[in-house]
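Starting off with a structure, shown below.
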Amino acid sequence: MKDIAINLLEERGVTLEDMAVLVLDLQKKYYDDLTIEECIENLHHVLEKREVQNAILTGIALDKLAEKDMLEEPLLSILKKDEPLYGIDEILALSITNVYGSIGLTNFGYLDKVKPGIIGKLNEDKEKKCNTFIDDLVAAIIAAACARIAHSKKEVL
Amino acid sequence: MKDIAINLLEERGVTLEDMAVLVLDLQKKYYDDLTIEECIENLHHVLEKREVQNAILTGIALDKLAEKDMLEEPLLSILKKDEPLYGIDEILALSITNVYGSIGLTNFGYLDKVKPGIIGKLNEDKEKKCNTFIDDLVAAIIAAACARIAHSKKEVL
Amino acid sequence: MKDIAINLLEERGVTLEDMAVLVLDLQKKYYDDLTIEECIENLHHVLEKREVQNAILTGIALDKLAEKDMLEEPLLSILKKDEPLYGIDEILALSITNVYGSIGLTNFGYLDKVKPGIIGKLNEDKEKKCNTFIDDLVAAIIAAACARIAHSKKEVL
Amino acid sequence: MKDIAINLLEERGVTLEDMAVLVLDLQKKYYDDLTIEECIENLHHVLEKREVQNAILTGIALDKLAEKDMLEEPLLSILKKDEPLYGIDEILALSITNVYGSIGLTNFGYLDKVKPGIIGKLNEDKEKKCNTFIDDLVAAIIAAACARIAHSKKEVL
């Protein structure tokens, strides 16, 4: 399941490295010895969680179905326009950030608003593709990895 | 949007009356003058909320796509078997109960476990149909209507 | 922190065994070789989670402060009466069930409604003590242990 | 109850105007005719919700009790240090943003990270006061008002 989730993300243009860069950006101010390899390792742990895999499988399935016009109206138009009041994309994302507790919420909201790196790229590609779910999923995976790092660094101290 | 949501529920075998019966069952011990008409009116208010409509549209779309084998594996098998660890059905339901605050959680959980009335019927039909999302959505709509009644009776006092 | 949380629960009249009995009741229909020892072990894992410890510490602190009249009005009366529209008790409980994903929601709601075993006892004691938070916390800890068992049994298969 | 909540916020140094300024900052790019009066009116609607009032009453009570050393350890030190892994402050905030659906999450996370205006001020005051809950509560109230504006502008169109 984890490999399937990683492959789906890559098929939609998102690599572990893209996400690791943003994890490092967000966390290096707190842990100055944090490496990109550790960020990738933490992303792997996040992606091993079944809730995370299920959210990825479901959200990307909906993005792909919308792209192929295989959904009924009005859901099809809502997803194609990334209608701001839809909210189900944030709900799926929340099920990812929750895996390491509520401390992931802040980073998720920040990433979703500021749209750095790969998240901005997914957003720009919305003219050609349906990226309604994937940008929130990616922000949530990154936020969960940050929360996992915060928890694990604390445990060690 | 509200009419579309009600039609989708009916298309899947769920009427407002089916849900109102369970709302009345759960709430009549607290408000002995509560009528089935008031329960239907409260269900209408719940179904006017955009978050509720979006959860219904999305969940029922996934049930129907699974029924027609129009999803990729492994998501298709997860939905067709109503895999207990899936959890995205509960997440969508939670976005419905949240609309009237956390007091809807208890009734949602109870309905989802005991499966009275229409919820039990949806569960029995799982052999023929994919009802993975709809049973949780219906339990959540009923729980939200109960929460709305509790809030409104309180305000009046 | 885990020992402090367990001691706080015991101080308020809740033992690991009280909770394990309800975990076993809920899960034995799915896993007929499940033992009370395994249930206790799973409760220990739940109680090791920092989110769970923080919810316990905070909720029990509020129950105890209300009991000693050390809160301002109107919060004091809301907690002493276990006002049904309060909802913050369910919110803290949700942060516990979330630790193993949304599948814990159903058992939490069921326990909170039906009030078997120790949960019923906590509820009866409300005349003498302020048990506004603890009954929801205990229901959530039990539901989280059930969710953990479901996840771990699945992984083994 | 609403007046009590507003008074508690003011007692802790937060006025409706402080919050309205941030609502306007976040929303004026979408609605260029939005006024500060409309922002204040939307904040009033948010503060009428019982879930919001309960979260404010509970969170500020805990901040004040911590300030007066009236909590037991280790909760006292956790709150006084605003321990990053605590997470119950974010959980209470989430119960506020949820009132208008998941679309409030993004603004909440952004405000909590960037700490503009009154939120930054509350954060700076942490050396003298215990502001562990109030900064998250204020960010959540602002995010909920933004979500309410987005919903209401949409309905009118």
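Descriptive notes on the structure:
All chains are identified by letter, namely A, B, C and D, in their written order; residue positions are counted from 1 within each chain.
One rule holds in what follows: contacts are C-beta pairs under 8 Å (C-beta built on N, C-alpha and C of every residue); 3 or more make two chains touch, one makes a residue touch a chain.
This one's a predicted model, so the numbers in the text were calculated from it and none came from an experiment.
Where chain C touches chain D, the two copies mostly use the same residue numbers: shared numbers make up over half of all numbers in play. A count of C-beta contacts for the chain pairs B-D and A-B puts A-B on top.
Using mean Cα coordinates as chain centres, the one most removed from chain A is C. One inter-chain figure worth recording: chain B and chain C are separated by 25 Å, centre to centre, where each centre is the mean of the chain's CA atoms. Spacing of chain A relative to chain B, judged by their CA centroids, is 28 angstrom. Separating the centre of chain B from that of chain D, both taken as means of CA atoms, is a distance of 31 Å.
Residue positions of chain D touching 2 or more other chains: 50-51, 85, 87-88, 91, 94-95, 101-102, 151. Those residues of chain D that touch chain C in the shared complex are 1, 4, 50-51, 54-55, 57-58, 61-62, 65, 70-72, 74-75, 78, 85-88, 91-92, 94-95. Listed in rising order, the residues of chain D touching chain B in the complex are 49-51, 95, 98-99, 101-102, 151.
Only residues 84-85, 87-88, 90-91, 93-94, 101-103, 105-114, 150-151, 154 of chain C touch chain B when the two sit together in their complex.
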